[in-house]
Amino acid sequence: MLKIENLHAAYGGIKALRGVSIEVNEGEIVAVLGSNGAGKSTLLKTISGVMKQTEGSVQFDGEEMPRVPYQVVGKGIVHVPEGRQIFSNLTVYENLMIGSFLRKDKAQIEKDLIEVYELFPRLLERKDQYGGHLSGGEQQMLAVGRGLMANPKLMILDEPSLGLAPLIVNQIFEIVKEINKRGTAILIVEQNAMKALKICDRAYLMSTGVIEKSGKPEDLRNDPELMKAYLG
Amino acid sequence: MLLQQLINGISVGGIYALLATGYALIYSLLGFSNWAHGEVAMLGAYIGILSVTALQMPFIFAVILAVVGAGFISVFNEKIAYKRIRDNNSPTMFLMIAAMGLSTTFQNLAIVVFGPKFKMYPQILPVGAVKIGSLSVGLLDLVSLGIAIVAIIGLEYLITKTKFGLAVKAASSNMGTASLLGINVDKYIMLVFFLAGTLAGISGILYGMKYTVYPQLGNVALKAFIASVFGGLGSVQGAIVGAMSIGLLETLVSAYIHSGLRDLITFILLIAILLVRPTGLMGKDIQDKA
Amino acid sequence: MSGYVEGVIILVCINVIAVLGVSILTGFTRLFSFGNAGFMAIGAYASAILTTKYGAPFPVALVVGPIIAAIVALGLGKLTLKLKGDYFLITTLGFGESVRLLFLFAEPITGGARGLSGIPPKTTMFIAVGITMLAFLGAWNFLRSKYGRNLMAIREQEIAAEAVGINTAKFKEYSFMISAAYAGMAGALLAHYYMFISPIMFNLPKSAELTITVVIGGLGSLSGSVLATILLTVLPEIFRSAAEYRMLLYGLAVVIIIVLKPSGLMGYREFSLRPIFTLYERIFKKNNPTQTKGDGK
Amino acid sequence: ASEAPAAETGEPAVEPIVIGYVGALSGETAVWGQAGMNGMELTAKEINDAGGILGRPIEVIGLDGKGDPIDSVNAYKKLVSQGAIAVVGTNFSSCNIPMAAVADQMEVPAIATAASNPLVTVDENGNLHPYSFRIGFIDPFQGRVLAAFAMDELDAKNAAVIMDLNSDYSAGVTEFFVEGFEAKGGEILTIVEAQSGQNDFRAQLSKIAPLDPDVILVPWIYKDVALIANQARELGIDAIFLGADGWDSKELITMAGASLEGCYYTSQPSFANPVTKPFYDAYVEMFDGLVPETEALFGHDGLYWIKDAIERAGEVDIAKLRDELETTTGFAGLLGDLTVDPATHNPDKSVSVYQIKDMTQTFVGDFRP
Amino acid sequence: MPILTITNLHKHFGGVKAINDFSITLEKGKIYGLIGPNGAGKTTIFNTITGIYEPTMGEIFLNGKSVIKKAPYEISNMGIARTFQNIRLFGNLSVLDNVIIACHADAKYGIFEAMTKFGRFKKNEEEIKEKCIKLLQIVGLEEMRDDTAGALPYGHQRKLEIARALATNPSLLLLDEPAAGMNEKESEELVRFIQNIHENFDLTILLIEHHMDFVMSLCDEIAVLNFGSTIAMGTPDEVKRNPAVIEAYLGGEDDA
C-alpha cells in the first residue's frame, strides 16, 4: 500500500536521505533499523509530509501522497513522532481527542478511548493532568495512545519504546502486534532491534541515508556481520 | 457621584474588553502580542465611516462591511507577515516586532489616505443618555456593553466547548504535531485572525461612534494589551476582567486621586499584581517539567 | 562638515549607545524591554539637573546619570526579573511610561511638559564618537567574558544554566543594569547635545524603536545592532523630505526586513571584514587558489 | 538643491532664496503642519509670480518634524545645511524651545508660528534668543483676555477649568486665566486635569457637574474640545465653554455639533476676517477643495514678513535679515498688524474673540489684555 | 561518610504523590542505579535533589550539609551536576562554549576586568579553555568543538551534556536516562565511557536508566522505585532476582 521510491531529503547542506526505496504492504509490520543518525526519523518525517523530499516519490494506495501533514493524515496514515511531542498545555484526555480529530464516528471514538485507557491504565489515572507534567514514559504512552485514536490504515512509529520500562516495552510490542492483527499496517523504527525483528514481517537496515539491506527478520538475524555492524 | 463614576468606568472598560479579547485570542494561539490589533480596529472604523458618509450606505451594511473588512485585514496581516515569519522558524519575538512595523505602517497609511483629521460618525445610533435621577447612562454605552457581552460569551463557548477550540488549543501548544494529527493549522490560524479582526472591527466602530475616528485610534489597544496582561495573557476571561478593572481603576483614580497619576497608578498596580501572580489574574503557566 | 551632518552623526552615536544596551539585554539575555527610554530619561534628567542646577562639571554628570539609571534598574529588576516573557515586557513598558509621567508631574524640578532647557551644549562630535567606541568595546569584551557567556546560557536554556551553577537572577540583574547604564549614558549625551529635554522625547515609541533596532540587527549580534542603528537613524533623515510618507516607509522597512531576513541583518554572527578580504582575494588572486585557502584559517 | 539650472537661453541663472519650513507633516498633529506647508507653497508661488524678492525667486523647502522636539531640531539643521536663510515653524513650543538654542548657534532665524510659550524667544534667565522670533501671541495674552471677557461680557461669577496635563500650552492659558479671573474677584471652583489622548473625560466632567459653574475653560486642541463638550452635555452640564486658539479648526463644529453652540474662544484673526478671503479662495483652488487651517495663514505671514525684512535690508544677508526682523513695526499681515518688541521678540498684537453661533464661527471683536 | 543522604523524602503535586517517603544513602565513589516503572518518581527525585522542586517533606544532605530550599545554582556549586531526560543544551552556541560556560566558577575576574581585558582576565580565560578542550578530548568531541551544539546527532548531544556537567567540578553526578535512544552497541560504548570518567574524575554517580544491560553492567548498587518509594535495594544480581521487581518492573520474559 505504501511505496517509496528513490527518496532524497536534506537539512540544508546535510543530505539525510540519499535514494531510499521501501514498501509496506497491506497488513504488514515493517521495521526500519539502523544506528544513530542513519536517517530513519528523516525517512518517516518525509513520508508524513513534515519534510519535503528533494527527489523521489511517496505513493499510498497507488496515489502520489500530498506533501502537507494534515492531508496525509486524511489519507489514513498517522505518524507517532520521535520525542513524544505531547501537547503540554492540554490534558491527557484532550491530547487523546486530538488524535481522533478527523474522525466523525462519535460512538466508535468513545470505544477506542476506552480501549486506549485499558492498554495504558496510567493514562486513565492521569486523564486530567497536563501532558507537560507527565513523566517521560507516560508521555510516550500518551503519544502511542494518541496515534491509536486516529484509527489509521497505516501507523508509523518512531522509537515507540524509548524511555519505557522493560515491562512496558514488552507490552508496547504486544500492542503493536495486536493493532496489526486488526488490520492496520505498521512501519516501525526501533533501536531495540531484537524485539523489533521478533514482531516484524520484513525489515530494512539503514545507514547514512541509504538502505543497506532488507529481508525477512530470520535472515537478517542470521547474518552475523550485519548484526555486528548495525546492532552491536 | 461614586455611582456615576462606576458607570463611567464600566463603559470605558467595555471597549477595552472587546479589544482585549481579540488580543487574548491571538496570544493564546501564537504566543505573541499582536500590536497591530489596534490598527485593525482603526481601519474597521474608517471603513464604517466612509461607507456611511462617502458611499451613503445604509448603516447596517456599513457595519457589516466594516466588521468583515477588519476581519480580512487581520487575515491579511497573518498572510503577508506572520505566516512567513513562522515558516522561517524565527523566534516568537519577531512576530511582535513585525506587528509593530505593521502598526506604524497602517497608522501612517491612514494619515496619507484618509488625512490626519478627526472624523465623526454621523449620529445614527442614539448618542443620548438615559437619565436615572442624577445619573446618566450613555445609550451607546448600553449598546456596546451588550455587544461586548454577547461577543465574549460566544467566544468563550467557541473556545471551551467546540472542536474548533480544541484544534486551536492544540495548535497553540505545538503546531507541528497538531498538523501531524490532521489539523489544518494554517486554516485555524486564519480563522482565529479573522475572528479577532471582526472583534477589533466591532470595537473600532463603537469607539469611533463614541469618540471619534482618527489615524491614531489604534493606540487605545495599548490599554487592551495591558488589560490582557492584567488578566493573564491568552485568557479570554482574564482579558475581560482585566479590561473592566482598568476601566474602573482609571476612572476612579482620575475622579478621586489625580488625573496625572492615572496611568502611573495603573502601572504600579499592574506590577504589584504580577509580583503576587506572575501570570496575571487568570493566566496559566504550564511549564514542561525538567 | 555641516552642522546638520555632524548632528546626524552625533544622533547615530547616541542611539548606538542606547541600542547596545538593549542588545545586551535582548539579544544576549532574551529579556525584552519596552522601558529603556525611561532609563534614557533618568540619565538625561539626572545629568541635566546636575549641570544646570548644581553647576556640576560635564564629566561628573556623564558618570552620575548612568549610575543612577543602573541603580533604578537594580531596584526594578529585583522586583520584576522573575517574570517571564511578555509579563516582564509589560512591567518595563509600565516603568518607562511611569518615569515619563513622573517627570511630567514633577514640574518644579523637571519643568513638566515644557521641558528642561538651557542645558549647556557639551556633547561634541569628538566626545560622542569617543564614548560610543568605548561603549562598543566594553560591550564586546563583556560579552566575550564569563558574564556574556552566562547571559547567553540563560538565553538558551535557563534551567540548564542554573544547573551548571549560574545564579541566573544575579546575571539577569547585571544585564538589566548595564542596559540601563548604557541608556542613561545615551540620555545624558542627548541632553547635552540638544540643550533641551522633555518627557515626550522618552516615550513608548522611543523604547519600542530601540528594541526594533536590535531585532532588525539580529538578536545576538553586537555589530548587527550598530549596523541597524545607523540604518534606522539615517533612513528617516533621508526620508525627511518624504513628509507624510516618512513613517510609512519606516514601518514598511521594518516589516520587510523582518520577513525577508529571518534572523535580522546579522543573525548570531558578528560583522567582520574577512568576507570582503576573501572576496577580494577571489577576484584578484584567482590564479592562486592555494594561497586563499591558507589565509582562510 | 540650492542651484537653479541655467535657463536654456543662456541668461545667467538667478539663484533662488531658500526658505525652510518645519512642521508636523506626519503624525498626530499633521493637520497643522500640512496646512502651514501648503500656505507657504501657495504664498511662495504668489511672490514668485510677482517677481520674487529683490528679483530673485524663492524656494520653499518643507521638512517633517513630526511634532517631536528632536526631529524638529534635526529638520531645522538640515534646512540650514540646505542653504535656508530663515526657517518658519513650528506651532509647538516644545519643538521651538530647543530649536531656539540651536538657532543661536547656527545663526539662522527661526520663526515660530503659533508656538505660544514665552520661552521660545527668551530663555529661563530672561536672556533673549537673538535668532528666535514668533508670529503668534504668547499664552498670557489669551488667558487674560478670556478672563476679562468672561467677567465683563458674560457676567460670569465663577468658573471651572479642565486642563491638559501633557500640554504646556494648556497649563499656560489656565495659569493666566485663573490669575486674571481671580484678580477681578471671580471664583475658580475647581481645576481638573486630564490628558490628551484619553478620549473619555467623563471621570473629570462628573466632578465638575455638581458644582454647576457659569463658565468652563477648556484650553485644549479641537479634537479633545469636541469630545469634552459632547460628553459634558451628555452628563447634563450646561455651562458656557471658553477656549483658546486650540479650538481654531473647521473640524471643531463638525465634531461637536450643537454641544458648543453659544460658546466662545480666542484666537488669531482668522479666516473669519474678510481680508483673508482671497487667500482662502486661492488655497481651496490650489489644493483641490481642501479647506485651510489657520496655520496656513501663519505660513503666509511668515513668508511675507521675511520678504518685508529682506526688502528693508536691501540685500539678502542673514545677519541683516535678523536685525530687520527684530525692528519690525506695523508689518501688515493677514493675521493682523505685527510690531516686534526688540527685548522679547514677542509681537504686540490683539486677540480676536469668536463665538460659535448657528454652527459657524462668528467674529465677536478684537481685545487687548 | 556518605556523600548524599536522603531521608523520608516526599513530593506531592496536588493529589499526585510523585515521591512518597523515599530514603537512600550514597557512599562516596560508587555508581548507583535508580530504576522503576514509568512515573515512579525517578526524575522527580533528581529534580528535588538539584533544587528545581522543593520537597513537600524530608531531608537531603550533601556531605552533611542540607540542600533544601537552596537554589539550583547553589546546589550545583556545592558539587552536584546533572544531565536531563530531555536534553537541554545551549543549542545555538558552539560545543566548546557549552562546556566553557559550565566553568564560569573558575573565572575569578570582575566586570571591570572583563570589559577592559585587564588583570586576571587573559590568564583565567586561557586556563579555562585548556581545561575544556581536555574535557572534550575525553568525551571524544574535540573535533566538533566549533559545531553548533543543537545540530549534533543525538548520541553526541548526550555526551556533550555529560562533559558540560563534568566541567562544573562535581563530586556527585546525576544522569537521567543517558542511554535512551541508543542501540546496544552504542550503549555498550557508553558503559565504558562512564566507567572511564568515573575513575578519572573521582565521582559518585547516580543514574536513571531503563536499559537493563546497561544498568546491570555499570552499577554497584541499584535502588528500585515504585509509586514514589523504594521497593528494593541491592546489587544488580539481587535486584534482578527480586520477585517484587520482576512483577512491577522487569516483567517475566526478558530476552534483551
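Chains: A, B, C, D and E, in written order; residue numbering restarts at 1 for each.
Note that in this section contacts are C-beta pairs under 8 Å (C-beta built on N, C-alpha and C of every residue); 3 or more make two chains touch, one makes a residue touch a chain.
Since we're looking at a predicted model, the values are computed, not measured.
Student: Touching both chain B and chain E, which chains are there?
Tutor: Under the touch definition, chain B and chain E have A, C as mutual neighbours.
Student: Give the fewest steps needed to get from chain A to chain C, where each step moves from one chain to a chain it touches.
Tutor: 2
Student: Among the chains, which has its CA centre at the largest distance from chain B's?
Tutor: E
Student: Higher C-beta contact count, A-B or B-C?
Tutor: Most C-beta pairs in contact, of the two: B-C.
Student: Per the centroid of Cα atoms for each chain, what is the distance between chain A and chain E, given in Å?
Tutor: 30
Student: Distance between chain A and chain D based on Cα centroids, please, to the nearest Å.
Tutor: 75
Student: What's the distance between the Cα centroids of chain C and chain D, rounded to whole Å?
Tutor: 36
Student: Going by the contact rule already set, what residues in chain B reach two or more other chains?
Tutor: 108, 111, 260, 263, 288-290
Student: By the touch rule stated above, which residues of chain A touch at least two different other chains?
Tutor: 133
Student: Multi-chain contacts only, two chains or more: what residues does chain C have there?
Tutor: Within chain C, residues 104-105, 159, 244-248 contact more than one other chain.
Student: Please output the residues of chain A touching chain B within their complex, sorted ascending.
Tutor: 48, 50, 68-70, 73-74, 78-79, 81, 85-90, 94, 97-99, 101-102, 130, 132-133, 146, 150
Student: Inside the complex, what are the residues of chain B that reach chain C?
Tutor: 27, 33, 80-81, 84-85, 88-91, 93-94, 97-98, 100-109, 111-112, 222, 225-226, 229, 233, 260-261, 263-264, 266-268, 270-271, 274-275, 278-280, 285, 290
Student: Can you check the complex and tell me which residues of chain E touch chain C?
Tutor: These residues of chain E touch chain C: 50-52, 71-74, 76-77, 81-82, 84, 88-93, 97, 100-102, 104-105, 107, 109, 111, 114-117, 121, 125, 164-165, 167-168.
Student: Across the complex, what residues on chain D touch chain B?
Tutor: So the residues of chain D touching chain B come out as 26-31, 34, 165, 192-195, 197-200, 202-204, 206-207, 210, 222-223, 226-227, 230, 234-236, 251, 254-255, 257.
Student: Within the complex, which stretch of chain C touches chain E?
Tutor: For this pair, the touching residues of chain C are 137-139, 141-142, 145-150, 152-153, 156-157, 159-169, 174, 220, 268.
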